[in-house]
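Across the two complexes that follow, chain A remains constant while its partner is chain B and subsequently chain C.
Let's turn to the complex of A and B:
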């Protein structure tokens, strides 16, 4: 800081003679707010205002096509809690999220462990395995709805070699969520894989060497060194995974339209239908606020479960 | 001892190769099958057992999907590119100065403001969707690039990421510039920004891909055939032709992935580093 105090803002003096001199601290403060202004304008309009408006709207019977919007206090929330369709959608979403997060985490960890071994072409494998993550959900949906096709799909063809009769993946209420989950694992395991690779590279090699000298086998190394030291990474991967996959919408939208029946109907689907198909914006806002509350609770629970016992 | 070690290393590697080959097949086979079947006729793909290798490969489906009156893949691709590029630029232009203010400048309320911003990251984006949709409607921005580019330009995660990065740049570099009489703007644009190209690229990749692949928001703020983006267009393609003309739909899916795959193959190292950097710092 010596330079700054020796010649305070020299050469910077754009100040016309008639303006009073501004001291350095004040100048820094003005500069800071000028730097922040564009961001704050956009933040205020599209995030701050929108959040307040959503909470406010959720207390009104705000219908897009009706001019009168009466205040209904907590009625939207009460209706939401009574609506079986919402609970059904929530149950589907939780089941899908649990399967998908478990699946992506295991596959991503396996891939990361393998790719950080001294294998040849490690970079090739990393690039290939991350590739599906770049596709849009539209392309992923189009690919997998066809692979899973009960009549002509290659997945059923592959299973036929093991004597398994054609399975109606997307038409069977019991199988549709696992099928969408498999699709999503294929699509999304690349991101947690890269995070796990970074996490694994952060574990000091000498810990493994010391354990090997003590005669530890690969299993023991994994369960006593890798897994405990990877706990913060696992926490991050599962928390972001739950937040991301809880908002599932594209896969069922494209592949099943929520069906068969309502077997793959999700919370975001429900949100979309209330606001943009039934035009009930106030009720939709209540759904969104409820979603935020649910996700906050889930995140806190995850933190408590995974971050307990982190001493090494 | 050495022999045991070598055997163990070989065993470890054997398992690693096994896992990698299995996962590569899991990732690659679906793409291969879909590409292969996009070169077949409608008759060929609706046969049992399914054909994997086309007998007479044809580009007919590609021609078909690009020339049908009710599909505009060319426009959808252009819209996606323009919107994602515009949005990415908006995010960088808006977030980088804000991040600099949080990283380097002292002002009253700095910590409190930053804490408030971070809190909003925890709130899912759906909460803002309805009010922002109504705002787009009232501004007559529906069906325009504005609706795709500007909402979400105040990317809090972007500010967080860039702030972390700016704070790692040695303060002495800026002090040297102060000696030369540089003001805050010059310190920011001529010293901090050029030294942050890694972080800026990482953020740009992250924002671009997220926007390019988004489905929900473009789906609700566009409604004419010409203004749709590629992911929305693919859902239209699927619902219109998924039943009768499957190979054409597959051709559309393949075409939609080609631009992103080209970018990926050229910049794979940067993209993978970028995803790791942004992920390691915050979230997706």
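Let's turn to the complex of A and C:
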């Protein structure tokens, strides 16, 4: 007997007697942790451990196969600060990321607006436009090397009809980053397009109806309703885009091998060269850690700048 | 109008997809050969037509040795070395590796590959020490120990378009020039703009060239090292302690290569110019390439012929390398015996001649001697140049790292991004730091 005044619904309580009573908030917290646990285990084993190992490695003169790995303290980081190739690669990475994130966001938003119009076969076009995202970077790189080939490429062939002389897309230091960015925009705009489609479908229709009654045209609808209400989506797309494109590697590796000269060196490309081609794992780890820190700072700044104007 | 615009945008977005529909030559990345219980996993980087020849030979080997099967994995060289490192760290390397002799010091210094001295006749084995050139024999060693079994000599040479020569009134069997000026004169006759003018004409239009004489961008590193030695220079000082690429010889060598582009206008800038594609399309008269070009050349609709490397300096020289078999130190027992059988089979004179079909020059001198000029003209012409005046890569544990530092500097010069002096000084500084670290 538990007492004369039993709680309402007490009969539904399946909780064993030894388990203390838990309030709703606490239950929600436990549920959240249970849902998060598989990811946290995965993160700890496959990512967190690797991150810790990378930080640790960056303090050693570490060659993977060399038996001796002397501790060098901050020497790898000191060398990094003096390494002009690293800074040049970082500048390239920032330029590439800025161009690609801006381009991807604009193209993805335009595509999302187009395929959310009441047109026939809208789903067909959604699938078609998403298709490039399904390719591997290797396939995309090889395709675009051919398209952009200065002698035999389809793009230069098309331009020749307009009297434009062959453009050395991947051989001109001024054009190589835009060309890699163009390739990446074509390849990567599919996923943000899906995010924008979801964002557009979340905007209440009555806002548009009210504005139309007030005489707003399509341009005013876009700039005064669509764009402001898409700000959380834009924040998500740009933040994830910056994180993703900061790690660009496959495109320069396959399409230019970092050239001409070092014009398309990016940080991860340089990391590959130091760690996997020159086998300097310790210095490579320092490059990777530095990039991670820079990305974290950029992401925080993005949140601070963009989220100030975001309405959820 | 709206529909046309929509169609145009869609076409632009989807144009690249059409390329994926084109037929592509399948690359035999992994080939399972034979059904024998003893399986040899074998990694190599023969991703060109030489890989096809290698797999044909392996198919013959497993017929002769039915108890053995071979899993041959072809991986592009750069990726191969990265993957190999990971495989050694994981304790799971392949049973047999084909790599370049220039990599031997690095892997030997790590202690992960086997001392193969016992396979040589001088160590009581079957491999004929006396049947390879002294330079090849030396290439197998690091600090007095033999780590490799050589498969071939492969190196630089030229392929010329006979029709271009004859159209310019030149004899493709002429004596090759032996001076920079001689080569420039030859190249000027072979470079044509759309109106048929060559660079010696005032009417020559460099923006509308339909036939270039030469392509400097094919492999600038090997070509620079070749010219450097032709001018009496070297990459590293004799005692191995100082980088010397920015010597007077180095500056002359790279200036000459740069002048072919910007002074004499007989070669396009390096980047973005597809030399193999241009030669195949009849837009390039002379391609600096190598022994490996033989099978590709035979598939082209181009009347071609092999020449030896250009000579711009006072003495001839040409770069060459050695494809070398190495065995992981951990391999033992039946598998080791199976791998040894495979190596002995590959080193048989008859099979060495079969390997010449890949375009490479067999390592065995006895196999080189029986190549007939009718079927193996390029192997003979280039092979002779390797024997007469060929040089191997600088022998050190950081050779590839040194090259990785030099390569972008050369590329920058050949694309007009840096002066010769700046590039060689910057390259030398970076390379010196690498060399100092290795000591």
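Please note the rule applied: the second predicted complex is superposed on the first by the 262 of 312 C-alpha atoms of A that agree within 3 Å, B and C clash if a C-alpha of one lies under 4 Å from a C-alpha of the other, contacts with A are read in each partner's own complex, and residues count from 1 in each chain.
Just so it is clear, contacts are C-beta pairs under 8 Å (C-beta built on N, C-alpha and C of every residue); 3 or more make two chains touch, one makes a residue touch a chain.
Quick caveat: nothing in here was measured; it's all calculated off a predicted structure.
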Residues of chain A touched, compared between chain B and chain C (which is higher): B
Partner chain(s) touched by A:51 [first = chain B, second = chain C, both, neither]: first
Touched partner set for A:215, first chain B, second chain C, both or neither: neither
Chain B versus chain C as contact partner of A:150, first or second or both or neither: second
Which of chain B and chain C A:285 touches, first, second, both or neither: first
Touched partner set for A:191, first chain B, second chain C, both or neither: first
Which of chain B and chain C A:163 touches, first, second, both or neither: neither
Contacts of A:259 with chain B and chain C, given as first, second, both or neither: second
Touching partner for A:43 - first (chain B), second (chain C), both, neither: first
First (chain B), second (chain C), both or neither touched by A:28: first
Common ground on chain A, meaning residues reached by chain C in one complex and by chain B in the other: 114, 125, 128-129, 131-132, 135, 139, 143-144, 146-147, 151-152, 154, 186, 276
List of chain B residues in touch with chain A within their complex: 5, 8-9, 11-13, 15-17, 19-20, 23-24, 26-28, 30-31, 33-34, 37, 45-50, 52, 93-95, 97-98, 100-101, 105-108, 110, 117, 120, 122-124, 126-135, 150-154, 156, 159, 171, 175-176, 178-185, 188, 209, 212-213, 215-216, 220, 230-235, 237-238, 242, 246, 249-250, 252-253, 256-257, 260-261, 264, 268, 271-272, 275-276, 279-280, 283-284
Interfacial residue positions of chain A with respect to chain B in the complex: 1-4, 7, 9-12, 25, 28-29, 31-33, 35-36, 38-40, 42-43, 45-51, 53-54, 57, 107, 110-111, 113-115, 117-119, 125-132, 134-139, 141-147, 151-154, 157, 160, 186, 191, 194-195, 197-198, 212, 218, 236, 240, 243-244, 247, 249-250, 253-254, 268, 271-272, 275-276, 281, 284-285, 288-289, 291-292, 295-296, 299
Residues of chain C touching chain A in the complex: 6, 10, 13-17, 19-20, 78, 81-82, 85-86, 88-89, 106-107, 109-112, 207, 269-274, 277-278, 281, 283, 398, 400-401, 404, 408-409, 411-412, 415, 417-418, 430, 434
Complex contacts: residues of chain A adjacent to chain C: 64-67, 85, 114, 125, 128-129, 131-132, 135, 139-140, 143-144, 146-147, 149-152, 154, 165, 168-173, 186, 256, 258-263, 265, 273, 276-280
